[in-house]
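Letters A, B, C and D mark the chains in the order given here, with residues in each chain numbered from 1 onward.
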Amino acid sequence: MTSPIRIVHYVNQFFGGIGGEERADTELLIREHPVGPGVGIARALGERGRIVATLIGGDNYFTERMDVARSAALEAIERYRPDVVIAGPAFNAGRYGMACGEVCKAVTETLRIPSVTAMSPHNPAVSLYRRSTYILPTGESAASMPHILPRLTAFAHRLAIGDAIGPAEREGYMPRGIRGIILDERSAAQRAAEMLKAKLTGEPYQTEIPVEVFQPVSPAAPLQDLTTATIALVTTSGLVPRGNPDGFKSMNESRWATYPVKHLDALAPDEWEPIHGGYDARFARENPNRVVPLDVLRELENEGVIGRLHADLIVTVGVGTPVEVCQRMGEEIVDELHRANVSAAIFTSN
Amino acid sequence: MQLDVGTFPINSIVFDHHTRLDGDTLRINRHELIQMIQEDPCIERAEIELAIPGESTRIIHVCDAIEPRIKVSGPGVCYPGLMGPVDTVGRGVTHRLGGMAVVLSAEYPRLIETGVGAAHEAILDMSGPGALGPIAHTLNLVLVLALASGYSQGDYNRAVQLAGLKVAHRLAQTTEGKAPPLRRRYELTPVDTTLPKVVYISQFYTQLNLPAPYLTWYGMYITDWMPLWVHPNEILDGALIPGAVGGDAVRPSSWEYVNNPIIARLYEAHGEALAFLGVIVHRTRFEVFEEKQLSANQAAKLAKLMGADGAIVTWIGAGNAFIEGMLTVQALEREGIKTVFMTYEHGGQEGWEAPLMFTVPEADAIISVGSLDRAITLPAVERVIGGDELCLDPEASGERVPAAGELRLPWRLPIASGIDHWGFGRLTCIEY
Amino acid sequence: MRLEMGTFPITEATFGPRTELDGTRLVIDHDELAALVLENGFFRRVRIEIVSPGESARIIHLLDAIEPRIKVEGPGETFPGFLGSVETVGEGRTHRLGGVAVMQSAEIPGRGKGGLLMVREGIVDMTGPGAAYSPFSQTINIVLTLELEPNFSDEEYDRTIRLAGLKAARYLARTTVDRRAPQYRTYDLTISCPALPRVVYVHQIQSQGTFARTFFYGKPLDHLIPTLVHPNELLDGALVSGNYAYQSMKTPTWLHGNNPVIEQLYDRHGRDWNFVGVILSRGHFYGISEKQHSANHVAKLARMWNADGAMITWEGGGNSIIEAMLTIQALERAGIKTTAISYELGGADGTGTPLLLYSVPEADALVSCGTYERPLRLPSVKRVVGGRTIRCDPAKGGHHLPAHQSLQLDTSLQMYCGTNQVGFGRRRGIDF
Amino acid sequence: MAKVMEASGIPVALITALTTLAKDVGAPRIVQGVRIPHPCGNPALPSDRDRAVRRRIVMMALKALQTSVVNPTSFVDPSVLI
């Protein structure tokens, strides 16, 4: 039997018994005993632990003055040295959900204390905070309180005693956007066969890899005048100067580099090499311009068709690069291009 | 897959101000078509002529003959991959102009002097003893194309073929919104399971690394593919057509591909005498015996998997490609599949020599579609389309002769569609 | 096609005076096997070692893994096209040594090549955290470490190394000839209850060129257009791997002959469905219309084969997933219910998106087989087989690490079959 | 990355052989390249025409940069396809 655990519980002014909307500005109050839902939590907890403090914050206070509220909460929680922090349940209350999420995020990230909250899957706070803490799904209203409190308490207890938490679908929390690798009881072939059987007989089945739907962007305005434009060459083809000076990896690269091409009329096979691990590199090795058309762009610059070709070639290796890495590199490259007053880019990809 | 083919029989073609279909008369604005063709930089000049069956007319430098077909509903386009995306065809409604062909006439510069890549002369007589193939009996709109210099054989092939396809498409467009006088449905409906199941194995030769493909499938160069199980309707929609480098006797024209009489016959018999399982498109002319044997074995195995009791095997080409034909017959018979093989014969100019170059004991049911070797004399003609001179034997003498005069041919290879690989006609050889 | 597979489970392998089977103990005459391997003269030396499950051992520079099999009755030979003629296999009786793999290990000169077509490091750990990545931590492995004679071409090394492995495998399987196997299993696609749904397996392999190639009856599949094959052909070794491009995503010959998906489809044949065949297709085409056509053709074959359901797996990464996804899309649009096995991405910490390089909305039934993107720490081992040092990042010129030490790998790309997608393994991704 | 740049106001012509893929991920200006290993050239051709193909593709890219688009749009010069 592990020693009793210490819990700090966060609720809003309503569940804290202070009042309704008219008291939504209430600043952080501390009670050293269970309040509102905390009473149910304490009951469910029994001998296993106790709520050492209840923090009560007004919905507006917390969402409108978040920085103040956050540090006040953190300062208080630190004092009570809890093993775990519980916030809510917030059901479908938006501002309350925000507050719960923010409290949990803060204690987990700055105090390294595990935290858990509970709210409706439709609560806007879910998408904001599910990556930062454990969120258990509830119904839309407090009617589901009796059902959620025991689960919330049990989950908090496991966090407090350092129990390993399994996958979301098995533990019943909302996915935190982390893919873990586990050993299943059955082989992939077996699972695929069973999934196919379910699909053929119309029984329910659950894909193991949800597919992404990409967000469209609002395109930039077109170039008005080519003859005054500065055009940059950007490539993910992994074409680098011989010897790969920056030691680019042939896959999973997360860096990019610029190489001067100011004085080049073409990319010479003996000076450039493709180190990209995802395509048959023979043709690019024969003639690098087949992946980065520098030769014709220089030609067009000389003919005056385009104003200027940007002085540097911008290179990375695009194989199995995660989207947010691309996002990040994209932003860095954008800064670079803005600095150099580049007006447009030709981007080659294999 | 259900395909409805609507046929608009054409009885006359006249040149006019507007391209349109007027009953069974096709009115054509020549200049519109010529301009369309001349957009391609590979084509320096284009002329359009008309050739009518029975008249004393000879078309020379024949590259291909294309039947105007257009997809009016359903996925994809006719001649997919070349005229549009590679969406699987063979469904919906296709319109065709019946009884006519767009014939391509162009003399390729001899960029490739000898060997399988070289362009060969092909002659199409509209009357007389040389009027052998089905396209000697269609109303032919002949595109005479003068090729610009400085391009590759691959470029010329693409340009010539696209010219033909674009014109054919434009002509077929005249049927849009019209109800076809004739309509036929092609579908491999489930039939009485006790009927013998029959597969059609259609062999085609091709060659790797040629500048211009002999044959394309959805516009793709057929390389060393294993036998391909396809739906006959795909062929009716033009998924499989030859290149346009030269239409000599052993290279059937596109027109023959989309009108393959064996497919038509098997469809007619489907549900009556037999159950038509589908077509195996079988690439031949492999250059290693092991590959020939493998492709034959795989064709037979595919037929077996499909549950075939019987098979019809046809081949095109000459020499080398014949070996797969025989090996396939053997493999099929060994799998217990009763097989009929259709081929032309050799036999020399008089018919004394051996009819076939290579045989297997299992080949016990061969249909003869005539001989390639028999000498033939084409009489002089009043009119020649496509030029004044031709060169029958570029590899040897390279001598050019007047195209209008009498032509004594030692064999039938130079006659466009001179060999009836797929049995349009009734020509055969019997022993005397 | 009816194939009887006799399994001789092996629990122990040792060297001894003569190669024979002693109950479940495989005794190997080292010198005779060595002589067989060295016969063709491309190797200076061969070192033969036996590595067993549970050993603190690491196998490196791994190329192919092959299960000892031999045809004891019926047409053809196992591994046709390499060890025998191209006669169609899959019928009769075949013997296998259960739980054994013959492996070649060699350092093929990198020649400073970048790109896909190069040999990359392949590692099997017999114990510890690395063991779960490979089915070969559970097999008794006969490892042939080949020291290459210098100055041969990639193609020569590739071919001779493959032949050495296949010959050794057959040599060991010979010990089972004229013995009765402890277990027999019959593989037969005969349909007993036609009411059940018809299911095909779409087996998408990788084949682009030397070192990234798959062979069918000895023929490279670089130009494969999807075709229908009988699963028994694969059980008899018709598919042989020459793919060393990315060792984690490859399917070695051993898995082509023991494909867990085929096993599942056969296990449930006649109960949950009728397994009607395998569609072999190729991924990683270079043009989008070829990719689309390949997908369309698979779906059309499945439709002509009246399939109700399909399972698809693919070999290789990145680019190959495009054909796979387009195939799923085409199948689903043809009304064929499809599930697939795929590895996922997710970055070093599992928060990366997207999980798949390319996907289609129709792909709603995917099974995860893990990822190569997480870093992996392999502990030090007592014994290393296949070399002394491991060459990492050949594209970067490669740096060598002592192989017996603990290794910190930033991805598991080098873990042999670590993300292979035919589904032998239990590793999977899941949301946390 | 092309998307990020476009979003920041820099028009980007993405030359790729895999236009469908680029469309699916939502890149606004997509230019049809020849093939994956050589998007901007055709090794099957003699070097001068290989270069001519490259010039065609780049010209198409420049056209894309001057064209106003709303949704992912691909710019294809059929003559460069093999």
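We adopt the following convention: a contact is a pair of C-beta atoms (placed from the backbone, for glycine too) under 8 Å apart; a residue touches a chain by one contact, two chains touch by 3 or more.
Everything numeric here is computed off the predicted structure, so don't read it as measured data.
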Select the chain whose centre, defined as the mean of its C-alpha atoms, is least distant from the mean of all protein C-alpha atoms. C
Highest contact-pair count belongs to which two chains? A-C
In whole angstrom, what separates the CA-based centres of chain C and chain D? 37
With centres defined as the mean C-alpha position, give me the chain A-chain B separation in Å. 59
Need the CA-centroid distance for the pair chain A / chain D, whole Å please. 31
By the touch rule stated above, which residues of chain A touch at least two different other chains? 214, 279-282, 284
Two-or-more-chain contact residues of chain C, please, as numbers and ranges. 286, 289, 292, 319
Per-residue multi-chain contacts in chain B, two or more chains: none
Can you list the residues on chain C that touch chain A in the complex? 113-117, 132, 197, 199, 208-209, 246, 260-261, 263-265, 267-268, 272-273, 286, 308-311, 317-319, 337-342, 344-347, 349-357, 359-361, 363-371, 373-374, 393-397, 410-411, 413, 421-432
Inside the complex, what are the residues of chain C that reach chain B? 1, 81, 85-88, 216-219, 223-225, 227-230, 233, 277, 289-290, 292-293, 296-297, 299-301, 303-304
Hey, which residues of chain B end up touching chain C in the complex? 1, 81, 85-88, 217-220, 223-231, 234, 278, 290-291, 293-294, 297-298, 300-302, 304-305, 331
Counting only contacts in the complex, chain D reaches chain A at residues 1-17, 22, 24-26, 28-29, 33, 36-41, 43, 47, 50-51, 54-55, 57-58, 61-62, 65-72
For the chain C and chain D complex, residues of the former touching the latter: 286-289, 291-292, 319, 322, 358
